[in-house]
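Both complexes shown next keep chain A, but they swap its partner, so chain B is in the first and chain C is in the second.
So, the complex of A and B:
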């Protein structure tokens, strides 16, 4: 194999596969979003931005968009705030650290669908063990119908979202902490810096790139997260816990409005692209540093 | 009391709330899977007797056996295919300088950002147009495509840590590039391949939305869809069977993961900064 063409031959299969599965559907979505489409996916007249206009006039879509932003912001912020101290503890040397790491990483290995289905059962009003655990602790007197109204269902979904995002985030932070040289702390200690100063002046700045990466990756994953909401409430009751992904799925596969669903995809794609560009910037800055 | 012991106690006390909350659903799953059909509706912790027969009964009635086979088929095949196409690409990125290298890297990055859910309408149209709904092989190809970015990225950052001197020494001895690759380079890269393979396997094993969209008949369901179908759109749900099924679907991968996680921390810490 001549040297000049070798790398192209080597990357070709992966490039072909990834671009076929990503660019081709993207092209389909663009054309669906600009045409009148019947529910069997037959393209009819070109209608320009009509689907987008319909979407922005739909209060459910607007509500789902705001809810998606709230969902993403709450889950990502909650995850980052809880993950930093966990990672700091798991980075220390103590008895049972191996077990503690495995326990905290566990939700990562278990399918989100399974976790969400189990939570749906645990949150059941009469038979759910969350109610009985909370009653046992004396925190509530009467059973709460957790998933029957958005006021309790959505915060619970955010809570589940945070729990399942912690493992990945802690893993990234542990990777970052393991790159902090110990002698920095020793030097700081001899200079008389207390542990809070050590955290503020050494750990946090060195962890910063990892926090950035965890922030952007989590934002993308949470924004796209489908199983938690779908398996607990399917966006209900009365669309009150819909986020964009569940709205998209319902519009496309329940109502059969493929054109509008494609338009939702493109709007999500545009939002994701902004995140991606931020991510590429961060990754590039890391690569140079 | 030694300082390490004291520290351990403090850390475990600090970690205990989060550990309890994380383990709570899995405890609910395990306990519910061992309760009888009547008792599962009572939210007390300990069942009066352990109903081990839930597992064989669930196995017979829920159709989980074919789903398990389907999940194994899809996960194993997409893992193999992902590794097969990712190794050459990662090797090219770590050993060659070529025009378009940065473009390819950015393409991979963008492809990782686009999740299946955003593309699901377009994918469904393509697959339906080709008359390949219910085909597990379509699932394999889609999973492979969405895992390539992560695998190439991980493998490449690992490959870059393998010193070039070793290969150059082999060339000096007169070995061809292919022979060097097979005898020197790839054996050194086995740990990274194992980690990425297991990671891809877990992703495919747990994937939900594409399978939910592409698989329409019960015979083709993978595990997450099978278990979900036991819950969704039903008036009466046999929760003890559902929990038993969720247990069977979760435990093998959880055990695999418990054994893998320390490698993953190391792998991601290299991958995250490169």
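So, the complex of A and C:
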């Protein structure tokens, strides 16, 4: 086999597999998004970018797009900020560390939908655990109707999103921390660096590649995360907590506008593609370094 | 072709061969919506009984939660992998008929078969003079009220009109504590219907002469009425966070004095809150005496692409016998759709069900229009905005009506 063609021949089988799994559905979705489609996915006339035009004229879609970016940014930033100190603590040697680590990781084993449903109950205005706890502590006098309006529902959803993202993120950070050699700290301590300086000048720079990866992976997961918002509010009231995935689901399977739904998923795909490219570039830069 | 590829092909081919044999001519696949814990077991049992009588036919039951039913049907149908029979909401039927997805049943329906049904329930599944589905489940809506709370507030009878209802709710509020007169649903499926109850009482219609009735005076009055209940603290707080199940739960807990819902709540109360003293009454009337309840049927349909229409029909015939219907409706707490069945003492002597059946002459069924779910969503969103105080009733309903009119075109 000539040297020049060998790589292509060797790549070919996996390319074939990738096409079957990724490219073929992509082609189908592109064709759905450019045609008039009935609610059972049968194609009718070619209508070009009409579905996209309708979407961009829909204020609910625009609002859902911005909200998705806010949702992703808030959950990812919140997760990273909270996970770093948790990982640092769990990296210390203390009595019961094993149990503490398990407790942090345990929620990971529970399906996201179940967590979200438990929260839906906890946030119930009249019989929810959260209100009775707050009343028991004397913090509030009247029940807060958490899920009745976006002003309280959406922050709660972000809070739940952060809670469920912590286990995964802490795991990545713990892996990162275990690769930081102890003698660096010893050397720094001898030079008179305080613990803040040690964190700032040693831990953080060495943790950076792991933070990058946690950032990108979390962004992709959270951006696409359906269960939390669906189980608590279904994007309501009046679409005020919709993100793109819930908007997509409603458009496709409730209302039956499969063409528009295909267009939404393509737009989401495009946004995620950008994230993925960033991820690949980060990963490659780390590999070179 | 490599050996592995050949093997793969072979495996694939045998898989196809296998799957055809598994779904041989004699197998009828049935997609069932899960109404309650009892739905699956009931249909499994019915399938067994049918198979015992018809050894050459196999019935394969697939139980799907209601929330996922639309999604499953959409994906199955677009892939051509749908079952032979399926339960669907009758309000979706027009979309199915228009696309030629479901088969008319007329060639199978003999006069004595048709005579089994109570007409009110069969009619919604008739389109263009053809029967496209059989009413597998039927229900109507009435007002459940908590007798203890009413007595405490010094009210003897359930409210006859919305004006009475408001006075009653004010009395209940005066009792103090966290008990509310009107359990108002403001979230998820049927938020729109909860609004229609009042709208019908005020003389409104969902669709009139092909136009949305949302911008009618009746609709605007209803929105203002409901909003006044909310603003004066006569409903539970935060109505937009309460789905139908949530409001029913508040009723079971004695936190709201009334809830408008379907007959199945009686079964739930019996099981979960047996000490609750409640009554069932018609939905209050409007100022001109207009009344309305929502009549709902779900249909079981036969798909056009079914290769087993004969066997599938036989199964339909079987589950619509009086014996099977009685079993099913007792499990689910639905209204009898079969005239013989209605004479069973369980239904005939049931005080709650009597109220529901007495309301049927005034029942409105979902209008036969395309895009029902689209309209439901538009309506729910508009109403939620009004409940939240984010939109003036008139302007918000007008905007929604325009949107609905665009869908109706």
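One rule holds in what follows: the second predicted complex is superposed on the first by the 270 of 289 C-alpha atoms of A that agree within 3 Å, B and C clash if a C-alpha of one lies under 4 Å from a C-alpha of the other, contacts with A are read in each partner's own complex, and residues count from 1 in each chain.
FYI, a contact is a pair of C-beta atoms (placed from the backbone, for glycine too) under 8 Å apart; a residue touches a chain by one contact, two chains touch by 3 or more.
Please read these numbers as outputs of a predicted model, since none were measured by experiment.
Specify the outcome, clash or fit, for chain B and chain C once both structures are aligned onto chain A.
clash
Determine, under the contact definition given at the top, whether A:78 touches first (chain B), second (chain C), both, or neither.
After superposing on A, A:78 lies clear of both chain B and chain C.
Considering only the touch criterion stated at the top, classify A:14 as touching first (chain B), second (chain C), both, or neither.
In the superposition, A:14 touches chain B alone.
Just to be sure I read the superposition right, which of the two partners does A:258 touch: chain B = first, chain C = second, or both, or neither?
After superposing on A, A:258 lies in contact with both chain B and chain C.
Which holds for A:112: it touches chain B only (first), chain C only (second), both, or neither?
Touch status of A:112: first partner only.
Of the two partner chains, chain B (first) and chain C (second), which one does A:29 touch, if any: first, second, both, or neither?
In the superposition, A:29 contacts chain B only.
Given the touch rule stated above, what does A:234 touch, chain B (first), chain C (second), both, or neither?
In the superposed model, A:234 contacts both chain B and chain C.
If we overlay the two complexes on their shared chain A, which of chain B and chain C does A:126 touch? Say first, second, both or neither.
After superposition on chain A, A:126 lies in contact with both partners, chain B and chain C.
Between 74-82, 128-136 or 362-370, work out which stretch of chain C sticks into chain B after superposition.
74-82
Identify the overlap between the chain B-contacting and the chain C-contacting residues of chain A.
41, 124, 126-127, 234, 252-253, 258
Taking the complex as given, what residues does chain C use to touch chain A?
Residues of chain C touching chain A: 70-71, 74, 77-79, 95, 99, 101, 178, 186-188, 236-242, 246, 249-250, 253, 255, 371, 373-374, 377, 380-382, 384-385, 387-388, 390.
Spell out the part of chain B that touches chain A in their complex, as residue ranges.
By the definition above, chain B touches chain A via 4-5, 7-8, 11-12, 14-15, 18-19, 21-26, 28-29, 31-32, 40-45, 84-86, 88-89, 91-93, 96, 98, 100-101, 104, 106-111, 113-115, 117-126, 128-129, 141-142, 144-146, 148-149, 152, 177, 202, 205-206, 208-209, 213, 223-224, 227-228, 231-232, 239, 242-243, 246, 249-250, 253-254, 256-258, 261-262, 264-266, 268-270, 272-274.
So in the complex, which bits of chain A are touching chain B?
1, 3-4, 6-11, 13-15, 17-22, 24-29, 32, 41, 82, 85-86, 89, 92-96, 98, 100-115, 117-122, 124, 126-133, 163, 166, 171-172, 174-176, 178-179, 209-210, 213, 220-221, 224, 226-227, 230-231, 234, 245, 248-249, 252-253, 258, 261-262, 265, 268-269, 272-273, 275-276, 279-280, 283, 286-287
Which chain A residues qualify as touching chain C in the complex?
Contacts found on chain A: 38-42, 123-127, 142-143, 145-149, 153, 233-234, 236-239, 250, 252-258.
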